[in-house]
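Both of the next two complexes hold subunit A, though its partner changes from subunit B to subunit C.
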Partner chain A sequence: MTAVLEVQNLEVSFASAAGSIRAVRGVSFVVEHAETLAIVGESGSGKSVTALSLMRLHNAERTTVSGSIKFKGTELLDAPETQMRSVRGNAIGMIFQEPMSSLNPLMKVGDQIAEAILLHQDMSGSEARRRALKLLIQVGIADAERRMREYPHQLSGGMRQRVMIAMAMACDPEILIADEPTTALDVTVQAQILDLMRELKTRTGSSIVIITHDLGVVSELADRVVIMYAGTKVEEGLTEEIFSHPAHPYTLGLLTAIPSLDRSRHDGPLTEIPGHVPSPSQIRAGCSFAARCNRSSSICFESEPKLEAVAPGHLAACHHKRGKPFP
Partner chain B sequence: MSEPALLEVISLKKHFPRPRTGFGVREVVRAVDDVSFSIARGETLSIVGESGCGKSTLGRTVLGLTPPSAGAVWFDGWRVDGLARPQLRKIRRHFQVIFQDPMASLSPRMRVRDILAEPLVNFGIVKGRKALDARVGELLDAVGLPRDAALRFAHEFSGGQRQRICIARALAPEPSLIVCDEAVSALDVSVKAQIINLLVNLQDKLKLSLLFISHDLAIVGHLTHRIAVMYLGVMVEIGDRDLILERPLHPYTRALISSVPKTGKEASKRIVLTGDVPSPVNPPPGCRFHTRCPKAFDRCRLEEPKLRSVGSQRRMVACHLDISE
Partner chain C sequence: MNHQASPPCVATPLRAVELPSRPLVIRKVLKFIKRHPQIVAGASILLVVALIAVFAPVLGTVDPRALSVTKRLRPPSAEFWFGTDALGRDLYSRVVYGARISVSVSISCAFLSCLGGTIVGMISASGRWADSAVMRVMDGFMSIPSMLLAIALMAATRGSIGTVIIAITVVEIPRVARVIRGVMLALREMPFVEAAIAAGSTTPKIIIRHLVPAVISPLTVQATYVASAAIIIEASLSFIGAGTPPTIPSWGNIMADGKALWQVKPQLVFIPAAFLGLTILGVNLLGDGLRDALDPRMAERS
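The block that comes next holds the complex of A and B.
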């Protein structure tokens, strides 16, 4: 396997009236060729900020990004803007949570997709439109020829997300970044979109980075998982491994806190994680999860735990992680 | 059941006329179309369905926040639909509501003490400053907030704590029914469990009835006694939790349940529906689900199925298919 994307020690902070806010604090991960990596976390964990910084979509004046983001060996963080433009939407495609606010309301959807193609590829307008039509059919839009000529507001939520996917796939990207792609959708439509993403991945062989808070979506789609909490990576491993043997108490908490269809109130209360996610300005020394953790001891409040392997490819940052450190 | 139901909703309809366009017949959105159900004391009935199925409108109509177009709502022996405001206000202390977004339902200018004291004063339940403060303290205890929260404003709390304030306010007038409209949907995963456990505990302790409106089947599955499934303004299946979740009969219920992503190793075999929910302005004739139903046949396109008991008396299904448990 070869790494398509290598993120090393990523730090993102925002300037604010109250001082600098560190939203992402030293996160590293690798996306292999043709794999689906899920970045999981709650609000404020820094997962969306991480996704945006992969594409350098931050307001450059207020954001400081450091570390390294390498796309097939090329450093993106200090690349000139012109080079970034040839990467965005071309080598790396992106899908956002709310398709209505990401699509241009004044442009017909066919033209929007064609625009993305024309920007990056040497094609004539009519060729680009033919390609757009083909993409719409591929993402399962019925009556695609008519839909091409419609505006985003004329489409349903599920169809808009399909258009977003068609646009992101327009230039055959090597990586597709999907930031909460199904959160705004109904479950029956979510099932359709998840199927579509799986199908596109097997057909095109592109890698997918999916950002989500929904562990159900993770288990359906992802090969590997990165769990984030308060701006740091707390655990990483193969999806099956994480679900069956979570090493970090936060991961275990997340897994047992979610209600499932085969548990009723007679099976007792859900496991609670006390307290709430700290905001970036509240983060103190030591482990950021210590105050909510049932395993925490004095060391947790003093020193920040390092990421250590508990099994090959399975890392966790916890002083009291389950399992002995793997040599 | 020997005890009469606390809430009884009979053939409730809520239609919204659309703005007139041209000379044609004025269009009507049939948000809720002939829905009936009842809730016993201490029971949770959950209304599930996708966006636009009418579940929130149903909740609002039951609460009297919007008058029904037809049908009746009986609450604890009173007929509460179509009541004039002064009468409705007197009865309203017995049924309260918790909405999805706590920040939008708490006044940013009031201290928590005043937010919780307001219903107590309005309904004339507690009089005198001392008694009020004591009751506010009890309410904060009940929802697991520190007593010094009383002096703070809503924006000083996290999302989960704000929802606790909303729950405390709903509990203040000692209601017998609380309508929860997506009450935990906006919360983070780790906080969601806290609020769900709190609701279940309070219900058991206070013998509350809950009308729990949600799109999240996993949450519903955890806390409910009975489930009603809505599609495009009509109820397609209603019954005990175990029956609906473990042996769903209506093709829509089956697809809905199989669409829920599962955690864990078991490979889920999904029924993926094609298309989207049609518009409630012009719902399909016959069975409203026939355009997406994998099992639709001729009769489904012509005749609207009525809810009928299937198997035991604990479940009703609206479907023409020859289904049995």
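The block that comes next holds the complex of A and C.
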């Protein structure tokens, strides 16, 4: 396996009236060739900020990004804007959370996909439109020829997300970043979109980075998982490993908070994680999860736990992490 | 797609007695009138005014500046349709020629203000430093009553139709610039712009392909409001003698000429005023109609 994307010690902070806010604090991970990596966390954990910084889509005036993001060995963080443009959409494609507003309401769907193709490929307009049609058929849009000529408002939410996927796949990117691709869709459409992404991945062999808070999506799609909390990576490992032996209490909390169909009402109320994610401005010394954690002891409030291996390829940052023999 | 070929309105079992459906074009026109009566009414009025302006010399007019001491203050008659004024000039010819001033001033001002306002608005929306500087200047312009600003500009220059147009344009640019700036600021935050950046698009391409098309509809609406304001300001300036030179008849200075006698010869004021009012009504109807028609929320879903 070769790493397509290597993120080292990524730090993202925003300038605000109240001072600098550290949204991502020293996150590292790699994306291997043809794997699906899920970045999981609650709202405010810094997962979307991480995704945006991979493509350098932040407002340059108000954001500082440090660390290193290497795409096949090339550093992206200090790359000139022209080089970034050839990466965006070409080598790395992105699917956004909002299929409703991520398409230009005034442009026909086919034209939008064709434009994404023409940005990176030297072909005529009619060739690009033929390719756009092929892509629409690939992402499973029925009657694609007619849909090409329609405007986004004439399409359903699921179809729009399919169009977004077609646009992101337009230039056969090596990495597809999907920022909560199914959040705005209803459940049956979610399942269809996940199927489609899985199918595209096996067909094109591209890597996928999926940002989500939905562990159902993770278990469906991901090979490996990175769990983020308050701007840091708290746990990382293979999906089965994380689901069967969560080492970090936060991961365990997330897993036990999933409702399942075979619960009866004698099982008592669904467990929840008390409290909420601290906002980046109120992070103190020690473990950022300590205040909500049922395992916390005095050391948790004093020193920040380091990421350590629990098992090969399975890392967790916790003073009281649990290894494999967890029930 | 066979079923699409047949006309959709004849879904009747009486296949033999198919109604002689009117030609498609006429049906489309009728549908448009029904959907947008304001646009049709406004556009019709403006079309008539524009035709009057263009064909003024062949509409049975005489030289609108020809004085005739013997034919002063004639009532409307077969020879002088609207009568004559205090200097014996034919009022009908003056009003018809006056349409030329109103039409040309309104079209030029609408075009120039939209052009200038779009440039200013886009500059303003493009950067935070530019924004505060440019918009404060625009606020400064807007804080002066538009008539007063126009009079000041007219006083500083030589009176001609060109300077009237420039004065009105300067007054109207800030209003257009505000609208364009607002639209651009809202658009800039739209996810589809971010998506375009993420697809590797360049800033000029994003402006041309995504931002300009979205600005066109608010700009069209704004243009009609500028046009109606321009007609009013031109007429007002001419009425107080600070606008179109008195040698050229315009609705404003025809009214000014007639105002001393309006108690005895009311048609000297009322006829040009009626033309002025009707034209402004037409522009405003068209503007309101376009605003509704171009609003994507009111767009027809199929």
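Simple rule for what comes next: the second predicted complex is superposed on the first by the 323 of 327 C-alpha atoms of A that agree within 3 Å, B and C clash if a C-alpha of one lies under 4 Å from a C-alpha of the other, contacts with A are read in each partner's own complex, and residues count from 1 in each chain.
Just so it is clear, a contact is a pair of C-beta atoms (placed from the backbone, for glycine too) under 8 Å apart; a residue touches a chain by one contact, two chains touch by 3 or more.
All values reported here derive from a predicted model rather than from experimental measurement.
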{"item": "Overlay on subunit A: subunit C relative to subunit B, clash or fit", "value": "fit"}
{"item": "First, second, both or neither for A:86, with subunit B first and subunit C second", "value": "second"}
{"item": "Contacts of A:96 with subunit B and subunit C, given as first, second, both or neither", "value": "second"}
{"item": "Touched partner set for A:106, first subunit B, second subunit C, both or neither", "value": "second"}
{"item": "Which superposed partner A:154 touches (first subunit B, second subunit C, both, neither)", "value": "second"}
{"item": "Of subunit B and subunit C, the chain that contacts the larger number of subunit A residues", "value": "B"}
{"item": "Partner chain in contact with A:215 - subunit B first, subunit C second, else both or neither", "value": "first"}
{"item": "Which superposed partner A:272 touches (first subunit B, second subunit C, both, neither)", "value": "first"}
{"item": "Touching partner for A:55 - first (subunit B), second (subunit C), both, neither", "value": "second"}
{"item": "Closest Cα approach, subunit C to subunit B, once both complexes are overlaid on chain A (Å)", "value": "7"}
{"item": "Common interface residues of subunit A - those touching subunit B in one complex and subunit C in the other", "value": "none"}
{"item": "Complex contacts: residues of subunit C adjacent to subunit A", "value": "128, 190-192, 194-202, 205, 209-210, 213-214, 296, 299, 301-302"}
{"item": "Residue ranges of subunit B in contact with subunit A within the complex", "value": "50-51, 158-161, 188-194, 196-197, 200-201, 215, 217-219, 221-224, 241-242, 245, 255-265, 268, 270, 272-277"}
{"item": "Subunit A residues touching subunit B - in the complex, by the definition given at the top", "value": "42-43, 142, 156-159, 186-192, 194-195, 213-220, 240, 243-244, 253-255, 257-265, 269-274, 276-277, 292"}
{"item": "Subunit C-facing residues of subunit A, complex", "value": "55, 57, 61, 85-90, 93-94, 96, 98, 101-107, 115-116, 119-120, 153-154, 164, 167-168, 170"}
